[in-house]
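You will see chain A twice below: alongside chain B first, and alongside chain C after that.
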Partner chain A sequence: MTSSSNCAHEVLAVLAKDLRSEYRTRYALSAVLLFAVTALAVVSFSVSPYSLEADAQSAFLWIVLFFSAMSGLSRSFVREEEARTAMALRLAAAPEAVYLGKLLFNITLQGAVAIVVVPLFLVLMDIAPAHPGLLVWAAVLGTLALASSSTIIAAVVSRANAKGALFAVLAFPVTLPGLSSAIRATTAALQGAVGRVGTAGDLRALAAYSVLMIATSLLLFDFVWND
Partner chain B sequence: MTEQQGGFELVIDSVSKSFGARHVLRSVSARAQTGQVMVVAGPNGSGKSTLVKLAARIVRPTEGRVLWKLDGRELSAADTRRVVGLVSPDLNFYDELSAIENLRFFARVRGLGTTDSAAKGAISSTATKAATRTGSHESAESLLDRFQLAGRGDDLVGAYSSGMKQRLKYAFALMHNPPLLLLDEPTANLDERGIALVRDTIAQAGASKCVVIATNEPEEVRLGDILIQLRA
Partner chain C sequence: MLTRRARLLTGLKWFLGVWMTVVVIAAFFYAPAARNLGQMSRIIYFHIPAAWVTVLAFLVCTVYSAKYLRSRRAEDDAAASFSAELGLLFCVIATVSGSIFAKAIWGSYWNWDPRETSIFILLLIYGAYFALRSSVDDPARRGSLAAVYGILAFVTVPLLVFVAPRIPAVQSLHPDGPILVADGGLDMDARMMTVFMSSLAGFTGLFVWVFTLRMRAWHLVQRLAHRQED
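Coming up: the complex of A and B.
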């Protein structure tokens, strides 16, 4: 990769290709949305919204978002291996462009899921968040954290045999720090008793986690992607 | 050797490859350069395809090394996307995209899909300078026309026959005018017209590129200047 403009052009080419493929096949989106909406509906109909504390509500929201990510975000890489298109991609594209393009695709996909799931969660659980702005920040940064960790783990597991199980097993410890911060920030947004310093710290931790994951992934991706 | 490809040389130096406990290749050495055709022959399971992937540097050898040299200068594996054109049974395209969309996508990620200046800007390595010395790269439409897929460019690749997919692989392999052309089972799935087209392509490429063919077809074996005979 010789210049940032060329890099950006190639990254956008990978993103556009993945979006076009997804639009035509609904390969990942249908799996992710189906899981998220089903899980939300089942829990909201079986648990009284008023019986859950804010911390349990936010944990539930992030469990749904986490497992939605697990069911769909690995597919951008897994599909390249299963459809045997990975060789052509390896031959033609720079590893950095592949990683960043897939990352942007996963952010887009997980963002779309969050846009559907978070309002649905508030409606079904009959929640009026005390700090809607903070909830939006927690959702945005949490989505970024989930997508950044899932992308590199998906690249690692895509060439393994038991991809699905391995993805969730590897993803859980890696995403746990980010997930914990997202849950705490969401709890603060829902209950209103915002400890300003703690909550800002959680949002900063989420942002730092994502930056760290992306930087580390960029350094490691060439080894993961090429043999 | 022609001047236009800048004297590319492929060096396979005492290469061995194992997959777990299974030894596929043991200490294979060979050299080929621009203007030469190297043929790799041998029975099924003898490691022909593995040797082609090693030459493409998309598989790493267990022992030994594969080198690419251009005008005497060694190139790195990071130059793969500029140096290598590969046709292989293991190569697939995106079924949900049309042929033209596939080719345009691969042109864009190779840095060829923009304006001439942008494409040249993407090409800073010695390898790509050599590849572009011959002039502009062929457009997706022109490549489809060349490989007798004109009029079918907007069809989804998923609807292509295996022979049409094989032709598309040639368009993919030659779109960036690479100095190294690797052909694994070059005429697989092709009809007589396709086979003639491929042999014509090999004859043309053999004059200006370094070509490696993995095959057992007697007519293709005869095209080679260098023969590597592998044993099972």
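Coming up: the complex of A and C.
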């Protein structure tokens, strides 16, 4: 009982530390948000809002969300290595607590990006989603999937040499199952009744993917972190 | 004792060479052509075994990765990377041969058929695995990072079985009817079946042979390096 509450305490401490340092520098948030807004703007003023089909629109939304995750989510671990604070963190907290803290931080960051990007996307592309509730579910579960796969990859990348270039290369094949489910669920949400068949399966696949990623990461994180 | 084992291995090597020669000849001259695909159907004796070895190599790589994380022996890490190298080679063979077949029969080199999607992702995983390996200098750290990535990638593969058939653009063009029946059994001419199974065994043997060759070369290099240190 005490050990589990102690662990939860450590997780929250790591999360609070990351949130505080992010609040002070606002490096990751501004980089990710500006990237996402730039990408949205580029497409929306080169494509007329009515010319894209629902599947192209949802693919476009998730490309923006995926690459904005790629530009910012590795910061949580890379910063520890660059500032040489990783050793202190290793001494201060259990590996599982570090992983869960960073995961919560990445979920928060990616969630903040999604909260800005999804409405902006709907406004710029002039879309009235057929199933707003479904769109919210797809965005929430997709964000969870992106954050859960990229946290462990970020930990791996932070221990390698070519950090920036490697992150997207490593994350893409691992993230693809989650990403393609998210794209299909979003297409169904934008399209309406036609695309609704099997969407519950897509959302379930997304949730299963996140759970699988988090469980595997918890088992493997120690090997990445303490080596 | 050691010479006896060496003689056995040499014998097996020659046996494998003869076996593969017979399989290649039989694939063209002994097995009949399938009814609706004609001469093109002979690809199954080379394309499917290559795809099988791709998956097998990935499995072997994952097993050695897990072993490395437990034991921390450099040997296991080397085995995982050799298996992945062979997997990449056979993955390219399966992709290219399948793509040529697709152009000849279905009219386009690539159309995101579920199995094409899966093998494309395997290709990306193998590529990413080596990109990661080449970007870490310290051997121990390279081993554990690569092992973690290999296991992580392997865990997502079962999900592809669910996701890939639902890619919206196309239904599978892969011939299920004449070769693989829906309930998983095989429906082939007896002669085709013999050659196909022999080819599967031959490709697996080829993988095992090259893999042990790489391991022996690795051991020799290690021994030489130790001798130079002394």
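Just so it is clear, the second predicted complex is superposed on the first by the 221 of 227 C-alpha atoms of A that agree within 3 Å, B and C clash if a C-alpha of one lies under 4 Å from a C-alpha of the other, contacts with A are read in each partner's own complex, and residues count from 1 in each chain.
The criterion applied here is as follows: a contact is a pair of C-beta atoms (placed from the backbone, for glycine too) under 8 Å apart; a residue touches a chain by one contact, two chains touch by 3 or more.
These numbers were taken from a predicted model, which means no experiment stands behind them.
Enquirer: With both complexes overlaid on chain A, does A:Asp55 touch chain B (first), chain C (second), both or neither?
Expert: The answer is second: A:Asp55 touches chain C but not chain B.
Enquirer: Which partner chains sit in contact with A:Leu190 here, chain B, chain C, both or neither? Use first/second/both/neither.
Expert: Neither: A:Leu190 stays clear of chain B and chain C.
Enquirer: Looking at A:Ala114, would you say it contacts chain B, chain C, both, or neither? Reply first, second, both or neither.
Expert: neither
Enquirer: After the superposition on A, what does A:Ala208 contact: first (chain B), second (chain C), both or neither?
Expert: Once the two structures are laid over each other on A, A:Ala208 reaches chain C alone.
Enquirer: What is the contact status of A:Pro177 with respect to chain B (first) and chain C (second): first, second, both, or neither?
Expert: Touch status of A:Pro177: second partner only.
Enquirer: Looking at A:Val156 after the superposition, I want to know if it touches chain B, chain C, both of them or none. Which is it: first, second, both, neither?
Expert: Second partner only.
Enquirer: So, does A:Ala97 touch the first partner chain B, the second partner chain C, both, or neither?
Expert: first
Enquirer: Is there a shared patch on chain A that both chain B and chain C touch, and which residues make it up?
Expert: 227
Enquirer: Touching chain B in the complex: which residues of chain A?
Expert: Touch residues, chain A against chain B: 2-3, 5-6, 9-10, 13-14, 16-17, 20-21, 24-25, 83-85, 87-94, 97, 226-227.
Enquirer: Within their complex, state which residues of chain C touch chain A.
Expert: Going by the criterion above, the answer is residues 69, 121, 124-125, 127-128, 131-132, 135-137, 140-141, 144-145, 147-149, 151-153, 155-156, 159-160, 162-163, 166-168.
Enquirer: Would you pull the chain A residues touching chain C in the complex into a rising list?
Expert: 55, 152-153, 156, 159-162, 166, 169-170, 172-174, 176-177, 180-181, 184, 198, 201-202, 205, 208-209, 212-213, 216-217, 220, 223-224, 227
Enquirer: In their shared complex, at which residues does chain B touch chain A?
Expert: Going by the criterion above, the answer is residues 56, 58-60, 77-78, 80-81, 84, 86, 88, 90-97, 101, 105-106, 108-111, 113-114, 118, 121-124, 172.
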